[in-house]
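As structure tokens, the structure follows; a few thoughts come after it.
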Amino acid sequence: MERPRHQGMAKNTNMRWRLPLVCLLWEVAMIVLFGVFVRFGPEADAHWEEEKRELNLTSDMENDFYFRYPSFQDVHVMIFVGFGFLMTFLKRYGFGAVGFNFLLAAFGIQWALLMQGWFHSFKNGKILIGVENLINADFCVGSVCIAFGAILGKTSPIQLLVMTLFQVTLFSVNEYILLNLLHVKDAGGSMTIHTFGAYFGLTVTRILYRPNLEQSKDKQGSVYHSDLFAMIGTLYLWMYWPSFNSAISEHGDAQHRSAINTYCSLAACVLTTMAFSSMLQKKGKLDMVHIQNATLAGGVAVGTSAEMMLTPYGSLIVGSISGIVSTVGYVYFTPFLESRLHIQDTCGIHNLHALPGLIGGIVGAITAAAATEDVYGKEGFIKAFDFTGVYQTRTPSVQGGFQAAGIVVSLLMAFVGGAIVGGILKLPIWGDAAAENCFEDEVYWEVPEDEESDVYHMHNPDKPASP
Amino acid sequence: MERPRHQGMAKNTNMRWRLPLVCLLWEVAMIVLFGVFVRFGPEADAHWEEEKRELNLTSDMENDFYFRYPSFQDVHVMIFVGFGFLMTFLKRYGFGAVGFNFLLAAFGIQWALLMQGWFHSFKNGKILIGVENLINADFCVGSVCIAFGAILGKTSPIQLLVMTLFQVTLFSVNEYILLNLLHVKDAGGSMTIHTFGAYFGLTVTRILYRPNLEQSKDKQGSVYHSDLFAMIGTLYLWMYWPSFNSAISEHGDAQHRSAINTYCSLAACVLTTMAFSSMLQKKGKLDMVHIQNATLAGGVAVGTSAEMMLTPYGSLIVGSISGIVSTVGYVYFTPFLESRLHIQDTCGIHNLHALPGLIGGIVGAITAAAATEDVYGKEGFIKAFDFTGVYQTRTPSVQGGFQAAGIVVSLLMAFVGGAIVGGILKLPIWGDAAAENCFEDEVYWEVPEDEESDVYHMHNPDKPASP
Amino acid sequence: MERPRHQGMAKNTNMRWRLPLVCLLWEVAMIVLFGVFVRFGPEADAHWEEEKRELNLTSDMENDFYFRYPSFQDVHVMIFVGFGFLMTFLKRYGFGAVGFNFLLAAFGIQWALLMQGWFHSFKNGKILIGVENLINADFCVGSVCIAFGAILGKTSPIQLLVMTLFQVTLFSVNEYILLNLLHVKDAGGSMTIHTFGAYFGLTVTRILYRPNLEQSKDKQGSVYHSDLFAMIGTLYLWMYWPSFNSAISEHGDAQHRSAINTYCSLAACVLTTMAFSSMLQKKGKLDMVHIQNATLAGGVAVGTSAEMMLTPYGSLIVGSISGIVSTVGYVYFTPFLESRLHIQDTCGIHNLHALPGLIGGIVGAITAAAATEDVYGKEGFIKAFDFTGVYQTRTPSVQGGFQAAGIVVSLLMAFVGGAIVGGILKLPIWGDAAAENCFEDEVYWEVPEDEESDVYHMHNPDKPASP
């Protein structure tokens, strides 16, 4: 054990000046840019009283805050507790999982408010923000949390910040292309968040391939308690996913419908995940990896179509399929990706986000293509797909085609963007740990020296296991 | 230790084909039935624009989604995180607690949407669902989670699914009798959820009595960390109970009142629980079992009456009493039930749900019987008890009588139903574990082999403690 | 180790009669006082139908319940899970942290409903309560949870209840002086909750100074898992703080604006905290103490000004500064306070609540003084600062002066009140533990005897570590 450890120590993982520098410069930049560009939108501005009169609104209830704030808070919990705790399954990377997720998300939402603001909320030289912008910023950062899952335990916090910076930028461009240029619907982000985020992260981890990663294999697993911490993340993601998919849908029936479809899809997904988890294991035992992850595939897979008239049974079908695909992915695809394609995917985001994201994009395209005025009602049809203005004459089948194009664009952006960003992250200046120190909090965190430590810190170079 | 273990191994607990078969067949059945019956209700359907015009609604805010969705999400958290984590107190059954609760609830809500839909939301051959149906499905499954508490650690996942199937069915029938035939008020489910669910579960566990359960006595306790995990469940149940009791009350004052009454009752309950927990222990130390459970009795005990004019001080009284009854129950009744009546109640649901549920039913009957037009106002009185149509002439005292009848009906359904379902679960085909393997995740779960395992797995038959 | 332990055992920490007596007497008093004084407010009363007609309200949505209930639930989670779990970082005081927090908060909210009710909701001899009262009661108790952080692990549950009784009373008086007499704005409670609560707690812990506390130094740290439990508390506080600061703001734009400002401030705070945590440590490693606490300073520091036109970039600046101040406080001030001023501050509330609370008060005063009709609009200006009635002629700069006066009053109340209450708590009748038994759950809790116990209970006097 001596040699690789010393080899590892040769790598400079000291963050003392690099991390503070990046964080502080970044925050100063944010303050300047927010100062120049960001202002309250009309519904959050103190001029709202006048605005209300102008718009002839009789109640403060008409403020978008009351339509979206509860959903926003649910989404917020998903990003910080959901993703954060889902990744605490590793036995010695709990601080990194929840702490770095916290760092990159807090970093990313500020940049996302700007990037998305320039594209979508820019008026008279100012970005006017409201609760919907907060949700969208959380969404955008969600795609970074997904990508983080692929490289979990193998990167320095600075690498994560650099990745966040670029990924938020690319996310916003991709989102602009899909929503504005292609006029695609994707309220729950099957394409923009999951497909893009996952394939971006997979490309990055491919570029950062570590041939000697088996040196830290003993730390790549879970312990009993870390699996329970991870279940906190899983359940909050699962429970609040109906809010995720409905958070930015149109007021009224669309939000209502999104929540119901997602609820149904997720319920079905749990059953097929449990079925296949048991079936694919010789002794029929359930595997926590599947329960923690594949049960969520149903939420991803209706991300695009939840606000459409997918119907409850349609949701059950989609949820069932995605649970199966995801579980099978964990058993067969992940080992294949690692051994053959050199894609080391710590959390298995390929199974939880990439494949279900693709399913979600396809289901969305089909559901859109199959839409009829009969099913949606004349007004509902126009409202659901926003067939107004220049899109007045677009037909459902054309919309389906554009939806499909959205998948392709997201994939391209992910592959190209991920390759470039992966290349940047490969530079030897970011302070990532050596292979044998991956998945280990001690590298970047003060870890308490406690009575239990002898059990845990066997490989702690500063403290011999047997004195 | 050798003999019983081998005896245990003789039992076939392999789930490999049975569990997948049940899950997949079930999901296919759900898809077919949803396809035939379930559609979006008018407020979730894309025709809502037309509906709005017809109903003369001026704002999307009038969509029921905005009245109930925040409460729905709170209830959702209670079912999956609340019940799930409350049961993680066992030292080696955390995966089973949170995982099987997840499985049975996801299974049950689909069936509940159908069963309750046929009884309450059936129009022109279709079940029309909206957010209130989602809440009711969660409620229905809540009664199964309660019953699960009695048999926790002693049943196979298939037994749980079979029980869920039957219990959801019986719940829906009982609910129909109470709400529609007896015209009883029970918004927070003291009778339909807690009394029914708890006595159903207690009857099932009585039928499944295991005379040799002391063989796994060492695993029936908690460890330090598992008690903290359980507190997550407790607190989420406690905090969100005001949402639970108000989730399906009438819009406006009734929801508002329910939340306040429940808040008050729960606050009082914590104090009396702490008082009796300390008083009933020789050294005056507090017992986590009481804090985790009896503090919640106040929510159960105002389940029926919270939406009535119980008043804040009335809530304090009910909460105080239920905390005392519940704590005393843990100290004296649970051991009595086990030794004399052969009722092995793992989580003590008799103290948390059965007794407080009965209190809740009785308090509801009294509060209803004591109602006057003076206290409620003329319109409020009619609205609170829905004294319209054929019930126009019903008096408060008659209503009180029907409320009391609701308790009796719920008890009968629970005993008879529990006995039948218990008998079915006793069949030797479901793969339950031998007595000495109860309360042990290894039977049905892949458990991580970690450094700590030597401490934990002393009794693991596959791996001797001392090599 | 023998002498101090026996010395410790000489202290009578048995709660058997004292704790039940206090709890039960208290609850009886609450029932009587609620019976005499507390009634439902018009929006929770069954007469609401008539009220609606009188007020010409066309929709149940106008009930304050729908404007505030989602925020109330978020605040509720912050008080019980947020504060409770944040304090579980101690390796052997998890039960006490989450359990005593539960006890004192449940005790305090009842008294707060009365005290605040007499001051703010008293009409015709009755306190009329609604959802806003529930939020305010939670807020009031929040200040006690903060003070609890300073004395965590060193006091008996009875001391905590006595402190709660007095602190809630003083809080309500201070709040009355600020909000009603000085006409100060403080929706998120930088002054009333954080400054008052923190300096009150620091004064109490100064009075209760324990010179021999290093005897329990081994228990004052965290272990790996306890730090993860604490992160649950941190994240829920962080995520829901926008709800905290906006919960009792005016309907519409003020609630909306508060949430946005708080969101921005907190995001910035995370980055500067991470930066300084790394910078101030020789090896550049991050310290969980900072991440768990200083990341929250941004929420405290915009508590007063969040509902004003602070603007998003203003929030970023305030959040950035407060993260730096708080982290520096943990590294330099806390040791100084302990060694020089004999202030033993277990959780470092001086850094998380006291300093950021002062910042918050000052920022509020400046923001108010800088307000113009141009920025707020004519009506918005009057609405934001409630410049009506006798305050019609108050100018922004005068308002700023009164805001500053509010800080001074809060500090005085905290110091004087804390000194008196600290003196009362110093009486030798409350059953606090000896210095060497501090930070140890065994004193007041039944702690499970598990296989792991040999590791943990090294110092357990009843069970020798090596048999």
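Per-chain numbering from 1; labels A, B and C assigned in written order.
Keep this in mind: a residue touches a chain if its C-beta (ideal position, glycine included) is under 8 Å from a C-beta of that chain, and two chains touch if they have at least 3 such contacts.
Just so it is clear, the structure is predicted and the values come from calculations on it, not from any experiment.
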Classification of the subunit A:subunit C interface as same or different, half of numbers criterion: different
Superposing rotation of subunit B relative to subunit C, computed on C-alpha atoms, to nearest 5°: 120
Where subunit A and subunit C are represented by their mean Cα positions, the distance between them in whole Å: 32
Could you pull out the residues of subunit A that touch at least 2 other chains? 59, 61, 66, 70, 225, 232, 456
State the interface residues of subunit A toward subunit B in the complex, per the touch definition above. 59, 61-62, 66-67, 70-71, 74, 91, 221-225, 227-228, 231-232, 235-236, 238-240, 242-243, 251-257, 259-260, 263-264, 266-268, 270-272, 274-276, 278-279, 281-288, 291, 295, 309, 311-313, 316-317, 320, 375-377, 379-381, 383-384, 455-456, 458
Listed in rising order, the residues of subunit A that touch subunit C in the complex are 14-21, 23-24, 26-27, 30-31, 34-35, 38-40, 43-50, 52, 59-61, 63-66, 69-70, 73, 76-77, 80-81, 84-85, 88, 92, 94-95, 98-99, 102-103, 106-107, 109-110, 113, 129-131, 134, 157, 225, 229, 232, 444-452, 456
